[in-house]
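Naming follows writing order (A, B, C and D), and every chain is counted from residue 1.
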């Protein structure tokens, strides 16, 4: 049986010469958000990162706050234990469970994700990722109508009309503007920002909105109506101006002006956020946007891209898909993969009190999930892997403190546009990696199952 | 007396930094435990920064939280904002409408000033 | 008649896919007790959770108890009758091609998902995606009838290709979204964005207060469509209660969804004068 | 004490590379390789598989399929319905579960290929920016040795080198890029056309001499110069070409021009069936087969090889690096559409489709594929493929074999397709039946030779011990869909259709030499236009799982 390669074997030395006990690693990768900036020069001094050149405010917080801490690598019911004891307890919980769930995975390497899906297969569990409460609805929309998209370099080299819809990258993806979408001087937009028109659509006048040339402050929860208005205009259908104003809070004439610009653009881009996926309408909001972008390709080139949040959430989608055929919310209790969002997704299996054990990797449902889901999770045995102390690790039956991917461990991550990028660790950790812990659990559950 | 609002939880860079700095540190805790209110709404409801309010959803979920005036015109009147975290989660229902995604933005809520 | 009394109390999903009248009608009681069902990831004999009595020869199954945690009841069934005396779980009558299912209680999500024929009558409420397509499918329900006396959730009749879905109570958002053809009638109130993306077919919103329609639907005419009277009579003949005020009311006909083919129609009941 | 030998005894052996046509022989295996029988007659094998009465062939080699990488995985993501209704692969001790449909999950892909007796497969279209993704998926695709072709037909650096008339620079770049991605050979997909697609709505090139805007080069120049560079680098395989105008009526002119443009350079034309159409501008009424003249040209030009890209009736998923083609297909079939453009390198289009035997076009596509097999004079230069999953799934290979070996079966099927096929193709008049020897050539020995894999496709000492053992059967579909045993690197991985020991399999790659002086120039260009850093682009050896460099 094929097991994931140990990232360790594939470690690239990124060290670029040391002096006075400091090491500089060039073109290191920040895995905090979906931008996955791989141009960070980090300076390490006795296992602390003292400088992270080109990192944004989120990236600096990421690099400066993941130093080796002295918490125990494993806690069982809050008491320090050896990793081996933790692995044994974890394996027993998972193999005894009748409806175990494996969840999270968006902040770890794809090498670790591959092992986690293998565990789910062996125990007949349900594997889900944070995608289901992020852009899962966009993934469902993709399954209904498809998606026209591209890598971020295409946006940088060609994009002349950039629309940010229902997201606030200025705060959630701070370098997206400068690195990919607005500022870069690209092959067909040599003057960078001057050659691009930036449009914002949101219900709040956010930092992002203020960086736009045009801003459409729509009525809350009217994204679908706004997108439908644009689809109608793209097709040249006459629609009632009063209803448009009423539905969207924006004059029809402004939507018409936007459509003129969209058709005149050479390469249009819509980057959309969770304002669509988390608001009433959810996947059908995303579907409306993907349909609009497809429609636009009858007139010019147009692409869409969901702004993915976590450093390797895109890798989680890819790994779960290539191993099971489905991107998230995959149930294997019958011995083969099944997919059905709303049935096998974690918010549901917890809120409906179906799950009887959980393996949580690099995620914090105890902070982010609905109240009913959190209450049920608290009542079942679960295992948590995280470099940090979180509400989830604090209530875990078995909590592993793991090394931080990209800072302590090498491996592969996938940027929001599916581009795979390799990680160069800065310094070793006293804690095991997610890959190591999960591999040990996989070996043990395989033994217990046979 | 209570008024109707629409509440939007979301990411902020402070909350994002807090995730790395530590979720039990003050920076993160302050960020996720503060409700942003449009200045006009603050004025009308006689609210000052730091005052506490009670927010209740249609399904009866409830939090008590301190308010602060949203900067400039970031929030239109009638809209509330809070950074993702424990409090915003307390207001979420388990229902995902067959999508896997609980409605997590754009809650209909009522807000009343506390004593 | 074969009677299966459910005694389970587990929150873990019980899955009884394949337990159809045609599958069990030739079985001896012992075989039926050994019929394999799933308790989460564990394969178990049916008798672990059900008391079995009676004779399946007439292809009639009675399920008793609160089966809201029991899923795939009547999935793929092609003939016979299933009566559920109590609540039912997810995927009732999924992909069924014939026969009849009655749920004398509430049913969860995906009632009649991608069904091809037969009749499902939910006498209580049902969940989301009644008579709908599963994610990614080119078309949803392709035939048969789903009747729900109570209320239902979102995306009723999603990508419906053929057949009838009738809801006595209210429905959630996106009723009849992406419909290709067929008929969905809602006698209570409707949620937002009805029939979004519909290509052909009919969505009847027959409640007292007409819902807001999308800007891409256009009013065509007002009248008393004969087709609707025939449809209402048909529903009554199936044991579905049609509110009196629906028979002689005027109906506005809206065409759409014009962002797609635009050959569909939404019927909205006008307040009776 | 053990001798380390594994013997396959007394089988009816087919080894066309050495002219062996169904002779009763023993095959000795040691350390994963086929070896000479031990000189000492006393030496016994540790294990002997009695193959008397069974057919023994080298393991199958699929030289053109789509089984890994961003395109394939996007198709998996987009089509849950395809897998929900399809066969399920259930987890067993030692094997993983999976889904099948038209685009199987990785483990299922490996098991299913092995189940048909295939032990080597090459993915035909990988953007090098996604190379790491492919290497990860390959490691989760067991039972097969694997490699991939690197998309270069719309690569900006390649086009700029041609525009500046700097063939040495382009040759060095090609060598560098193959090494950087750990790929196998350059792949040209609609050369030039995909870049135009990126620039214009429904953009494309429609002939070999249209100029690609902003780059000032023509498809003809790209084909000519990349083919020459590949020969100069003496890569094991030739340039691998997906011609312009795929699927368009009348496209045979473009295909013939492409063949002529190659001159005496080596060239492999993939899924040739899709490029053998007569008829006028998108006019279905004139659509017809132009296989015969193209076959005639290939017959008389030994530098050319083809794989067929056979179409089979039913639902499947089309996936291509040919962006404009994906848009065309999704509109023609009114299906969902995925498109993704890769910076500096390539495009990608995916659309679900259904081939119907009631459709004239689909019936002709089916017939044209068969014409190619049945008209080709030299089986060593025509390879069996469905361009999986574009013409159909690789799971249809046994059916194709029966269509080629069993004339009656073929004629029965011909009766069920659109009648006009009889006037518009020569299939009705073709009575040829393939022999097992010829089947062995077009499914293993031929593709191995074309790929330049000296250790594959034959059974002489030194070859990898990849061997498939079939039970003879007049029903060729049955015979080839359920091998008696499949041996990979000397290990029995499939026994009576059951997966036994699913080895991971190795990556086959090349690393041709080049003038390293060019790297600074590449780096400068790269940092200017790519969205990742040059330093993070190249795939180092230590990233790979089991790997074998194929010498140039």
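Definition applied: a contact is a pair of C-beta atoms (placed from the backbone, for glycine too) under 8 Å apart; a residue touches a chain by one contact, two chains touch by 3 or more.
This one's a predicted model, so the numbers in the text were calculated from it and none came from an experiment.
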{"item": "By mean Cα position, the chain sitting nearest the middle", "value": "A"}
{"item": "Euclidean distance of C-alpha centroids - chain A vs chain C, Å", "value": "36"}
{"item": "Chain A and chain D, separation of their C-alpha mean positions in angstrom", "value": "34"}
{"item": "Approximate Å spacing (C-alpha centroids) for the pair chain B, chain D", "value": "56"}
{"item": "Length of the line joining the C-alpha centres of chain B and chain C, rounded to whole Å", "value": "38"}
{"item": "Chain D, residues touching no fewer than two other chains", "value": "78-80, 84"}
{"item": "Touching two or more other chains - residue numbers and ranges from chain C", "value": "109-110, 128-129, 134-136, 173"}
{"item": "Chain B, residues touching no fewer than two other chains", "value": "97-98"}
{"item": "Topology of the chain contact graph, where touching chains are joined (line, ring, star, complete, other)", "value": "other"}
{"item": "Contact set on chain D toward chain C in their complex", "value": "78-82, 84, 335, 352"}
{"item": "In the complex, chain B residues that touch chain A", "value": "6, 8, 10-13, 16-17, 19-24, 61, 72-76, 79, 81, 84-86, 89-90, 92-106"}
{"item": "Complex contacts: residues of chain C adjacent to chain B", "value": "109-110, 127-129, 153-155, 172-173"}
{"item": "Touching residues on chain D, where the partner in the complex is chain A", "value": "68, 70, 73-74, 76-80, 83-84, 88-91, 93-99, 101, 103-108, 129-133, 136-137, 139-140, 142, 156, 198-203, 214, 327, 330, 336-344, 350-351, 502, 504, 529-533, 535-536, 540, 542-543, 545"}
{"item": "Residues of chain B that touch chain C when the two form their complex", "value": "97-98"}
